Amino acid sequence: MSKLTTMHDAIARYVHDGDTIAIEGFTACIGFAAAHEIIRQGRRDLVLCRMTPDLVYDQMIAAGCARKLIFSYLGNPGVGPLHAVRRAVEKSIPAPLELEEYSHFGMVARYIAGAYHLPFFPLRSYLGSDLPKVNPRIQFIESPYGDGPVAVVPPLNPDVAIIHAQRADANGNTQLWGLLGAQKEAAFAAQHVIVVVEEVVDEEVIRSDPNRTLIPGLIVDAVVHEPYGAHPSYVQGYYDRDNDFYLRWDEISRDEAATRAWLEEWVYGVGDRAEYVEKMGRETWERLRPAQAWSRPVNYG
Amino acid sequence: MSKLTTMHDAIARYVHDGDTIAIEGFTACIGFAAAHEIIRQGRRDLVLCRMTPDLVYDQMIAAGCARKLIFSYLGNPGVGPLHAVRRAVEKSIPAPLELEEYSHFGMVARYIAGAYHLPFFPLRSYLGSDLPKVNPRIQFIESPYGDGPVAVVPPLNPDVAIIHAQRADANGNTQLWGLLGAQKEAAFAAQHVIVVVEEVVDEEVIRSDPNRTLIPGLIVDAVVHEPYGAHPSYVQGYYDRDNDFYLRWDEISRDEAATRAWLEEWVYGVGDRAEYVEKMGRETWERLRPAQAWSRPVNYG
Amino acid sequence: MSDYSPSEMMIVAAARALAGVRTVFVGVGLPNIACNLAQRTVAPDLELVYESGVYGARPRRLPLSIGDPALITGALSVCSMADLFGLYLQGGRLEVAFLGGAQIDRYGNLNTTVIGDYARPKVRLPGSGGACEIAIHARQVFIIMRLSRRSFVERLDFLTSPGHLGGAGERERLGMPGRGPQVVVTDKCVFRFDPASGEMGVVSLHPGVRLEDVRAEMGWAPRVSPDLAETEPPTQEELRLLREELDPMGVYRS
Amino acid sequence: MSDYSPSEMMIVAAARALAGVRTVFVGVGLPNIACNLAQRTVAPDLELVYESGVYGARPRRLPLSIGDPALITGALSVCSMADLFGLYLQGGRLEVAFLGGAQIDRYGNLNTTVIGDYARPKVRLPGSGGACEIAIHARQVFIIMRLSRRSFVERLDFLTSPGHLGGAGERERLGMPGRGPQVVVTDKCVFRFDPASGEMGVVSLHPGVRLEDVRAEMGWAPRVSPDLAETEPPTQEELRLLREELDPMGVYRS
C-alpha cells in the first residue's frame, strides 16, 4: 500500500497548529523542503524540537511558525549565532519564543525515552552544571544499586517527525547512510512520521540490504519524493553542503527586512521545492555534486 | 598497529580462570572456535553470559569450564533442552552450576547499562512476573515524572567479550551483517574484546562503508582470522546453520559418556579450528554453502 | 480433503484470529505457520516481526528457528535486539504477539521457567526469552497450546509471563500497555477471555470435540460461553495452502 | 619561517599536549587543526572522534563543520549520536577532549550558554551542545581559548560544563569519571591545573609574552608555576605542516 504523496499534502494532513514537531538530522539530511512547506501553509504555535536548530528553524521562527524551541545547540555551525532566533527571544520579533534546553546527550536521551516508551532515560550528565537550575525537567535520581545520583530526562514524543533520507520504497522502508544523528530515535518517538527522500526505489533495493533500513515502513505515514529537499544542508552521496549559503544566511538573517525578503523570494515566492530547485539554477547543483565513493557489496545469501 | 593473533594466543592472553565471559551472537555468529579453545586450555570457574546459552555453553559446561550462567533463554532452539546444562544444574555433573536469569530485554538492558557506563538500565518488564522473586538483581524504581514503577537491571561488564563477525581489518574495525543481536553492546561493555572473523580485509574495505562498522578497532584487543569459526551456527553470506548438528547434539548430549566422547574427538582431539574444519570434511562445507544475495552499493562521496 | 488433523484445525483457527491484523510478533513452529497462512488468507497486509530483529521477512523456505538465515535474506529490515525490544516491542508498535508455554492458568498467565520448585525443579524449562516483555507490551496476546491437564493448571509453578494476573483490571492497575491475552487456540477448542473477570472461557469446540473432552484435559472447571459454537472446519483452500505450500513435509500436521 | 602568529603558537602548543594520545574527541576549528598537526608529529596513532558520530575520519579537505561530508567519506566508522554519546563518550573510551567557551574561571569551568542573566541575557550563546557531558566523561579535557579579560573571568555568568567546580576533589566527590581540565592553551601562554587546589596556573609564556601581558587579560590574579618556562617556539617543520598541508588558505593563521 503506497504512502507516496506530495509535500503539500503530507504537511497539510499531519502538521497542525500547536503541534510538537521534530525535523531531525545532524548537519546532514535536514528537511528544509518540509520546513518551507510548513511556512507556506502558515502553521503557528509549533513547538520545534531539534538538537541543533540550525538555519531550518531560524527560518521557521523568522516566519512566525513557532512558540517554543527544544534544543541542545543554538547556532549556525562554524559561522555564528542564529539571528532570527535571537530576535524572537530578545525582542519577540515576530513573536515571543520560549526556550527549553538540554545538552546533546540529553536531547538524544529524551528521544530514546520517547521511542522506548520509558518514563525517563538516565544519563551521567548535568552534575555540577547550571543547566538543571534553568530546566526543571532535568532531574536526578538514586540508583538502587548505589553509585550516587544519576541525571534523568523525560520522554520527548513529537506529534510529527520529519526525516530526510537518501531512499525509501513506497511503503516508507527508509535507508539512510552517512551521519545518522538521532533520526531513528526521533522517528520511533513520534506519533506520525513523514519521510522525505532523494529517491523512491523499488522494494527490492531495500530488501537487498536490510541492515541499512533505519526506519521501517511500519512507523511511516507518508513518503515524499523531493530531490534536493535538504538543501542547503547535504545528503551524503547526493549533494554536498552549501557552505556558501550558510555563510550568506549570517548576513541575510542579521537584518529583519532582508530575512523577510529572502523568505518572500525563496519560500513564499515558489510553489514547491521543484520550483526552488529550478530557481536555484543548475550551476548550484553542479557546484555541490559529490565525488563517487561506493560501498563494497556484502552477501546476505 | 596490527592486532592479528592466533586463537590460542588470544585465549591464553585474555581469558583467565574465574573471568566473566560473553560469547554473544543470537543464533548467528556464535563463537564456537573460541569456546573450543577455552575448553582445550582448561579454563575453570568462568561466569558465562549469553542471552541464549545454546550449544556453545552446553559444550563448555560439559567440559567443566563454568561455575555460573547468566542468561535469558536456556534451550537448543527449536529442538529441546540443553542436556549438559541440566546435568550440571540437577546433578552437579561435572560441576555445580549457578543460574542467574533474566528475560531477553533484561539481558540486553544489562549489556546496554554496562556499555553506557550507567548504574542501571530501565525497562518496562517483570511487573507481575515471578522472575524478580528469584533474581534480586531485578529491582523496581519510581520515575520522578510519575507514571508508576519501572524495572531496572544493573550493568553487566564482562571481562572479555568474544565477537564473531564476517570481516575486520587488522586493527579490529569490525563489520557484521545479518542478525546483529547484542554484540555491539556486549563488546562495548567488556574490559577486553576478541574479534574472530571469516575474513581479514584491507582497511580500505572497511572505509568503503563506515556505517557497517559495528565495532571500532578502538575497543578491540585481538583479531583472530578463523574461517568457519562459528560452525555449527552460521555466518550470513559465508555458511548456513548446520541444523543437522543441532539435532544430533540433542542425541549426543543426552548421554554423559557420549558427550565426553564428542568433546574428545572434536575439541581435545584437534589442535585448532583449522584441523576441525579439515576433519569435518569438504562435503559439510558444500552442504552449508549459502546462496548469493548481494547488497546494492551506496555512494559515500 | 475433509479429513484434517487436530493440529491443522489449531493452525487454521489461529490464522483466522489474525483477520485484519497488520503486525505480529511471531515465534517459530505453530505460530509461524499460522501467520504465514493468515498472510495468504485473512490478513494480506500482515508483516511478521521476529525477536531476532527481523521485520518484513520473505523466507524462501520454512524457517527452522527465529534466527534462521532464510529470514534475513531479502527482509525489509534487520536490526539489533536493543532496537527490536526497545523500539518495536516496548515502543508499542506490535499489534499481536503469539505466545505459548508449558503451563497456563485460567487468567492466561504463562510458565516457561520450571516445573516444580524453582530452586530444585522437576523440569528446568528454557525460561522467559522475550516472553515476559512480549506479554506486557504487545497490544494483544494470542496463545497457541495443545490442551492437556499437565498444561492447563489451577496454579502455575512459576509465573514467567503475565496474562490477566489475578483477574480483569490488574494489568491496567500495574500500568501495562498491552491488553493481555485475547484468545487461546488449542487442538480441541478455542478460548476467549471474559472482559469482566479476565478468565478464559470456551467459545468454540472443534468439530467432533465434546465439552467433556475439554474439561477432562483441564485442571479447573472452565467457564463456557453461552454462545458456545462449533469451530468452522478448515476450508479446502486452507488445507491446500498448509499442505502444498506452507508445510509440504508435514512437520506440523500431527 | 621563524616568524609566526600567536594563533600558530597556540595550535602548535595544543598539538604538543597530545603527545602519545590515542583517541581525541575533537571539535572543528583550532582543536581540529591541532589534532591533525599532532597526528603528523607527536601522536601518529591518534584517532579523531567527532560528536557527529565519526571515528577514524580521513578527510581529503579541511572539514568546515563537525558534520562535514568529507569526514564521513572513508571514515572507519560512522554511528548514531546515541552510540557516540552512550558508547564512546559515556562509556569512557575517549582519552582527551578539546573544549572551549565564551567564559572560563580559575577552575576550568566553562560557560557557553549566556552572557548576563539567563532569563534576560546580554548575549545568548549556543548552549551546551555535547560540552557538558564531554567535560564530565573525557578522561582529560584540554581547553583552547584566546586569552582575554572578557573570557577569563572571576565568576562565570553560567556554568555550562564542569571543570574542577569549586576546587580539587569536587569532581571525585560527585563521582565524575573524567579527570577534568588538564591544560588551557591560549595565544599568550599555557596553563596547567594545580593538583592540590584544582586551580589553573601559568606554566609557560609564549616567546615575547610577559607575565604582565597575561595578568592584564585575566579577571583574577593567576597562580604562576615556580618552574615558569618559555614555550618552545614552533619548529620549522610544524610551521611547514600548518601552512603547506593543513591550512594552506591561512584560515587559522590570525
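Note that the chains are named A, B, C and D in the order they appear, and that numbering of residues resets to 1 at the start of each chain.
Here, a residue touches a chain if its C-beta (ideal position, glycine included) is under 8 Å from a C-beta of that chain, and two chains touch if they have at least 3 such contacts.
Bear in mind the structure is a predicted one, so any value in this text is a computation, not a measurement.
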Subject >> Common touching chains of chain B and chain A >> reply: C, D
Subject >> Pair sharing more residue contacts (C-beta pairs) when A-D is set against B-D >> reply: A-D
Original post:
Taking each chain's centre as the mean of its CA atoms, how far is chain B from chain C in angstrom?
Top reply: 29
Subject >> Centre distance in Å when chain A and chain C are each reduced to the mean of their C-alpha atoms >> reply: 40
**OP:** Enumerate the residues of chain B that touch no fewer than two other chains.
**Re:** 112, 117-118, 123-124, 147-148, 178, 180, 184, 208, 211, 236, 290-291, 293, 300-301
**OP:** Would you please write down the residue numbers of chain D that are in contact with two or more other chains?
**Re:** 54, 72-74, 78-79, 86, 90, 177
Subject >> Topology of the chain contact graph, where touching chains are joined (line, ring, star, complete, other) >> reply: other
Subject >> Contact pairs between chains, per stated definition >> reply: A-B, A-C, A-D, B-C, B-D
Original post:
What part of chain D is in contact with chain B in the complex they form?
Top reply: 23, 45, 47, 54-56, 58, 72-79, 83, 86-88, 90-93, 177
Original post:
In their complex, what parts of chain A are in touch with chain C?
Top reply: 1, 112, 115-118, 173, 184, 188, 203, 206-208, 210-211, 213, 216-219, 300-301
Subject >> chain D contact footprint on chain A (complex, rising order) >> reply: 26-28, 51-52, 71-75, 77-78, 81, 85-86, 89-90, 101-106, 108, 112, 123-131, 134, 147-148, 178-182, 184-185, 234, 236, 240-241, 243, 290-291, 293
Subject >> Residue numbers on chain D that touch chain A, as the complex places them >> reply: 28-29, 51-54, 64-69, 72-74, 78-82, 85-86, 89-90, 109, 113, 118, 121, 124-133, 136-137, 158-162, 165, 170-171, 174-177
**OP:** Using the touch definition up top, name the residues of chain A that touch chain B in the complex.
**Re:** 117-124, 139, 141, 143-148, 150, 152, 154, 166, 175, 177-178, 180, 205, 208-209, 211-212, 236-238, 290-301
